[in-house]
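Note that the chains take the letters A, B, C and D in the order they are written out, and that residue 1 is the start of every chain.
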Amino acid sequence: MTRMRILVWNEGVHEANNHPADIGQYYPDGMHGAIAAGLRRLLPDAEVATATLADPEHGLTTEVLDRTDVLLWWGHAAHDQVDDAVVERVKDRVLAGMGLLPLHSAHFSKIFRTLLGTTCSLAWRNEGEQELVWTVKPSHPIAHGIPHPLVIPQQEMYGELFDIPDPDDLIFISSFAGGEVFRSGVTFTRGKGKIFYFSPGDQEYPVYNQPEIQQVLANGVRWAMPEAEERTPPTVSNPPRQWLI
Amino acid sequence: MTRMRILVWNEGVHEANNHPADIGQYYPDGMHGAIAAGLRRLLPDAEVATATLADPEHGLTTEVLDRTDVLLWWGHAAHDQVDDAVVERVKDRVLAGMGLLPLHSAHFSKIFRTLLGTTCSLAWRNEGEQELVWTVKPSHPIAHGIPHPLVIPQQEMYGELFDIPDPDDLIFISSFAGGEVFRSGVTFTRGKGKIFYFSPGDQEYPVYNQPEIQQVLANGVRWAMPEAEERTPPTVSNPPRQWLI
Amino acid sequence: MTRMRILVWNEGVHEANNHPADIGQYYPDGMHGAIAAGLRRLLPDAEVATATLADPEHGLTTEVLDRTDVLLWWGHAAHDQVDDAVVERVKDRVLAGMGLLPLHSAHFSKIFRTLLGTTCSLAWRNEGEQELVWTVKPSHPIAHGIPHPLVIPQQEMYGELFDIPDPDDLIFISSFAGGEVFRSGVTFTRGKGKIFYFSPGDQEYPVYNQPEIQQVLANGVRWAMPEAEERTPPTVSNPPRQWLI
Amino acid sequence: MTRMRILVWNEGVHEANNHPADIGQYYPDGMHGAIAAGLRRLLPDAEVATATLADPEHGLTTEVLDRTDVLLWWGHAAHDQVDDAVVERVKDRVLAGMGLLPLHSAHFSKIFRTLLGTTCSLAWRNEGEQELVWTVKPSHPIAHGIPHPLVIPQQEMYGELFDIPDPDDLIFISSFAGGEVFRSGVTFTRGKGKIFYFSPGDQEYPVYNQPEIQQVLANGVRWAMPEAEERTPPTVSNPPRQWLI
């Protein structure tokens, strides 16, 4: 098995603005730092790097993407500031086989919406409600070792209708104290790339510090890891007749 | 049941250019004319209109789309000439519930690619090969009354890999004389809208004059017809806690 | 459109035993009576009949099934008393195209388990909790006209893990006051037959008297209605070479 | 990673009867021997054992299944001689997490039909036609390293309609020289267990000696390997209210 090369991307705007004011207490290295730390703990053989919106080309240059197997993406306040050319570059890489894990409010990121084709809209309410994450596909490797339910003491509510295409796999469904439900762990395939969207995790609650949440992300990264070395998107061909002759 | 309002859109470039030279013989009213005639025969209660690229706003004004339940789309030589604003308008309508039937080379249309998120690339070869269309989901209403296999004497070969997301329903698989296979009848859901892609049909072969092909299209239109009168795409909401109290 | 012929089957054991004691108050004609009344109201052109376990051959003779397009099935206390030969007969009919709506505790019926191949087990708790039924596939005809959420004041809790194969369509997800979630409206295809499982409805709560629940069942019956007149299951064939020659 | 324990089961009737007469030439150790040899070559760290119908309890005792992670199953002439109690035992193990690879004519095995719930019927013709196996889901680990198409010089034709439920993943579609198509590589989940059906392979043609076919089977075994140590099927539970309080 080749070494996995993981990149955790975070817009980093909440952290830069100290918004909320106590974000530096539970995420001293930013959300990307907490996510990367969890991955390093659970996938000790992997290379784990981070990048943010403020980096040149958002830290998503061709060179960086060339050595990335799986990309995690957290965005919220600055979706519109992500350069369209970078989004196209990332999309091309996903179609060529790079794994992608859009997280939480990245449901509204340009990269997620362009890969899915829908509005990706949902219902939300930020009152720090308890979230219960229930496994509905226990055979899936992403569900391995995850408690049923996984309990998140406080989290922003995300509720249906979540406007996404039918996922390949529905792994987790969440309920919230207020009674709403959400398809919180879903997979998609686009081109040669595997996508795992996972909704828990927010700038106001220390969700990414929970070991079970870190386990879900590590499972997701392993699952989204492409098998092939070669990374080209599917393309048109015009073959001659060569079979059945 | 309300009256179905169907719009058959064709770029109309092959017809305008007499390319191929004999297109006017088997499609004297254009491909859109042949498709519309088939639908009028099989869905006598429906309103069937046509539009082409050359019409103002490609014949796809807000007013026209407001009174369209299901849109069929044929394009090939002029995908790039379709105005992006019109594509956005059509996409918005699909997400709001309008049915969409992209046909044959519309696999590369802007509207199909933006709704699916993949390259929609495929293998092709234009040697007038026999195509056999096999039904693999006989319970689906689109398969009702269609022979197994449906035989097309001459058709352009479209072959796998067809770079699309996993469809909601795989209804037809085609084989070609040269040995290739193709997922030739597939459905998707995007937002509230239903999409049926069907690959047989080409500017060089009189496929749309075949009664069985017309039956597939009529079945597809009926299936893609939205149930709801109201046509708004899914949208974000921020509901208060109101349940479980 | 041919006239739909619907059969509502109920084991009828709770009703016969007055268990619970007040079942005759909210279901004076049994659960099958309430379900049939709702279908007659919403599908006035359909024939709606009923049958119970106590009938000869459970009311599911070859003759009866020969004139049934869609069968609804409610069972709970007497799954084991359903004759295996009758189950085989019903299964054969489903594979041949008859629609099937297993309801609530019919998750454990012989017919559902033999068609699905899994244990169909789940979590349950009978404390009369509020159930909220959320639509997650608004384009599906079964969701048409159903409130989001549909509120059931009191209902037995059914929770995940619901051990079923991945459904063709996931239409409804329920939450319960206790925090559990359940895939409460799911479709499957087996052979030529369409299956819609819907979990709300119980012998202790007057759920089948709710107009919205009746609407879901009427939508489900319409969706499961087979298109073809001919009713034979798929079968083996040994065709000669006859194409591509 | 724990060591994979693989069991290749073959009814062994064709081999015992020298039917066809030259089966001993291309399969000197039986089809199970050829399959096991391929797995040992490609999965050198795995334990690979074999068993046949003639063994006590068909070689599928509780003890054997207790130490089996993935079971491959080849059967054709003697499906009816497989003991129902053994089938139930195997089914229980699949639901508890054991992987299962039904091969070729095992489409009609008791274990496959009871897990799928359909007739599993198909069209067939034994004239030694060329089969082309096309990959339609290149992101799937089972497709990794497999040529597109994989060419089988001579093979029995299996054609649609293949009466199976919609698979979780459609990975391969085959075409045959006679023009038929077949969903030749499909996955299912039942309970906690993963199932991969793969149709190429027959007693009359040395298909299991092809390195690419062996690669597909090795990929399939790796994919079907359960993650969890614990092996119990999903079961009913009756939890108290314990959340949201």
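What we mean here is this: a residue touches a chain if its C-beta (ideal position, glycine included) is under 8 Å from a C-beta of that chain, and two chains touch if they have at least 3 such contacts.
Because the structure is predicted, anything quoted here is derived from the model rather than measured.
Visitor: Give me the chains shared as neighbours by subunit A and subunit B.
Guide: Of all the chains present, those in contact with both subunit A and subunit B are C, D.
Visitor: Greatest Cα-centroid separation from subunit B: which chain?
Guide: Computed centres place D farthest from subunit B.
Visitor: Report which of B-C and B-D is connected by more C-beta pairs in contact.
Guide: More contacting C-beta pairs are found at B-D.
Visitor: I'd like to verify one number: the distance from the centre of subunit B to the centre of subunit C, where each centre is the average of its C-alpha atoms, in whole angstrom.
Guide: That gives a centre separation of 33 Å.
Visitor: What is the distance in Å between the mean C-alpha positions of subunit B and subunit D?
Guide: 37
Visitor: If a residue has to touch 2 or more other chains to count, which residues of subunit C qualify?
Guide: Residues 130, 132, 137-138, 149, 159, 161, 166, 168-169, 177, 179-180, 189, 191, 234, 243-244 of subunit C each touch two or more of the other chains.
Visitor: Can you list the subunit B residues touching subunit A in their complex?
Guide: The touching residues are 95, 114-119, 121-125, 127, 129, 159, 161, 163, 165-166, 168, 177-180, 188-191, 233-244.
Visitor: If we count contacts the way the header does, which residues on subunit A are in touch with subunit C in the complex?
Guide: It comes out as residues 130, 132, 134-138, 148-149, 159-162, 166, 169-170, 173-175, 177, 179-181, 183, 244.
Visitor: Using the touch rule from the top, collect the residues of subunit A that touch subunit D in their complex.
Guide: 97, 130, 132, 137-139, 141, 144-145, 149, 151, 168-169, 177, 189, 191-194, 226-228, 234, 243-244
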